[in-house]
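Look at the two complexes coming up: chain A is in both, with chain B in one and chain C in the other.
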Partner chain A sequence: MAQTYDRGAVEDVGRWREFSAGMWAWVLHKFTGWVLVGYLFTHIAVLSTAIGADPAAAPQDLYTTTLVGLEDLLVVRLLEVGLLAVAVFHMLNGIRLLFIDLGLGLERQDQSFYASLIITGAIAVASVPTFLAGV
Partner chain B sequence: MSADTDPETDTEAEVEAETETPPPADTEPEPSVPEPGTESHQDRRMREKGEQAIAREEAAADAAAEEIETVEIRVYRYDPEVEGKTTPRFDAFHVPIEEGMTVLDALIYARDEFDSSLTFRHSCRQGVCGSDALFVNGAQRLGCQTQISDLEAPVQIEPLPHQEVVKDLVVDMQHFYEQMDAVEPYFDPDEEPEEDLEEQRQTRENREKIKLSTRCIQCGACTSSCNVAAGDNQYLGPAAINKAYRFVMDKREGEDRRKQRLETVKQEHGVWRCQTQFSCTEVCPKDIPLTEHIQELKREAIKEDIKFW
Partner chain C sequence: MAEYYSSFESGGWGWFLQRITAVVLIGTLAFHFFLLHFVNHAAEITLAGTQARMSQVGYFLTMIVFLVTATFHGVNGVYNALLNQGISGTQKRVAKFGLSLAGLLLIVQGVRVAIAMAGISL
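Entry: the complex of A and B
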């Protein structure tokens, strides 16, 4: 079955073109899940090292300097939009999966996936002015 | 006599060689200048006439072939037993289209008319036996149930993915059958009717409940499409779980048997491996809502273990 031997084009990586909605939902759910896990660890690492007074700017604490410094970078602002999109998709698809686990609306699973994508896109676009203000 | 014939044959060979050197293969043969004194004249004329006749026939055949609408099928070929065929490759066949032609019809035509070594399974040709599940244009489909006209040309036909290829389009189904056996797919009631030949009646509602799950023809398309089954050989797979569903949901079956069956499907490599990608449901040629059945068995499995009352 899953033995590895060359079957030529049959086991080609080009298979992703043939993915259906449910498969894409699964792939994106895994992907966004790992991105969120990665973000959470970075988040903890950054915040836990930004404690105490900032020796460079005396009255300000290290936390504020770190955050202000990060928010000054355009890349960070763009990543924030991306993070929001990732989180929103993961939430919406998570709700979709809850319904699937309850056996509700299984015949509409593809539409609910497309709906999650569209809502995610809309929210990400709507958040752009907020996140990119004053860079 | 022999002294006479020898030079003659020599000159004939020379004339032959001279006329052949500028190869007039495709173009119209030039009007040949009669060369008096050579014996080969008539022979050459006959040969040229013969060539022209063949060319005419070929042209006529080509014209006729152009009028017939054909479809190109690209078929996966592999034969571990024949040297030179051990490397997988694709063979193209141009099959004349008929109305209502299925992928299986096209394969049968290609095998009968072009290459008798082309190997694939088929039996009933009407979607009942489940022998001809194939990977057609990137999806698992039943060859006999898929119209050529519904597919984009060229139609690419491959054996089912994630199963070992025995030859050409034939895959080893042994593991699939073992997984089906693992759920012990036999009806086993607690009480037998008192009279020998009495029917074991089922309510209409219960029949409706299991109706779709009984449609399985064990073609293996679902398991082949399943990403999880591909990575985990121990996973029962959609077909076997659907088979378990068919008996678990059947009210006539004995309580012990039901418990035992749920025990089988709720193992680590049972229902919980399903990640609801819906691939199986999408490819099932019998439109069995496999994911739905797996999800329902998940809930049944939990109900067995958790009691709030």
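Entry: the complex of A and C
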């Protein structure tokens, strides 16, 4: 039988010193979700340069020059590493949440949160050479 | 602490679709990131390369599914976050309408981009 667990108001961020692992997971899932949905709108806006791009002008067409221009910036490459970290954490924690929704792993939900953080960090660090290549 | 925990009884369609789209996105987002950052590097992407990928029906349809599921999951996630903050009444209706409109416009623009990338002229 399902029972309720009073976690207190996680929205009251003034209590952050009292937060348990599960509440930090909740906060980070929301934060990474906001970043990803913001990026989604930005991403479609940038890719909209493909509309009306002239293939005959390649590689000087608007789409290619926009992407190459952005990729020439070090700050964009660093933001891409951040985006990967945000996406990986959201996915790993999301898988953790799906298992918990299915009634699996609640007893180890804090360990699975720490595992999500460690794997995210490892993947982000390992991706740095790929993202910074040629800038 | 509960011995058995499930939140399956707690939700309606929005809750259910958020989980279904999550499962779809685990696959499509991982595929998208891997293909366009590790197989093909973002700095080397060109209009011709994009058109070659988007001209494949399976890839094109995967990207449309990716667009629609990501938009629903993101916009519905923002709506749920706002509900968690305690909005109700008019604020809730405005958020629902505004976010639905934003999501719809994003899907329309995304489909226009996909069609242009596939080199299809309408």
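By our rule, the second predicted complex is superposed on the first by the 110 of 135 C-alpha atoms of A that agree within 3 Å, B and C clash if a C-alpha of one lies under 4 Å from a C-alpha of the other, contacts with A are read in each partner's own complex, and residues count from 1 in each chain.
One rule holds for everything that comes next: contacts are C-beta pairs under 8 Å (C-beta built on N, C-alpha and C of every residue); 3 or more make two chains touch, one makes a residue touch a chain.
The model shown is predicted, which means the values in this text are computed figures rather than measured ones.
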item: Partner, of chain C and chain B, that touches more residues belonging to chain A; value: C
item: Contacts of A:I100 with chain B and chain C, given as first, second, both or neither; value: both
item: First (chain B), second (chain C), both or neither touched by A:R17; value: first
item: Touching both chain C and chain B, counted on chain A across the two superposed complexes; value: 1-3, 11, 100-101, 103, 106-107
item: Residues of chain A that touch chain B when the two form their complex; value: 1-3, 6-11, 15, 17-18, 20-23, 25-26, 97, 100-101, 103, 106-107, 109-110
item: In the complex with chain A, residue positions of chain C that touch it; value: 1-2, 4-9, 19, 22-23, 25-26, 29-30, 33, 37-38, 41-43, 45-48, 50-51, 67, 70-71, 74-75, 77-78, 81, 84-86, 102, 106, 109-110, 112-113, 116-117, 119
item: Chain C-touching residues of chain A, taken from the complex the two chains share; value: 1-3, 5, 11, 30, 33-34, 36-37, 40-41, 44, 47-48, 50-53, 55, 58-59, 61, 63-64, 67-68, 71-72, 80, 84, 87, 91, 94-95, 98, 100-103, 106-107, 127, 130-131, 133-135
item: Chain B to chain A touching residues, read off their complex; value: 76, 78, 87-90, 135, 138-139, 158-159, 161-165, 175, 227, 229-233, 275-279, 281-282, 289, 291-292, 295-296, 298-299
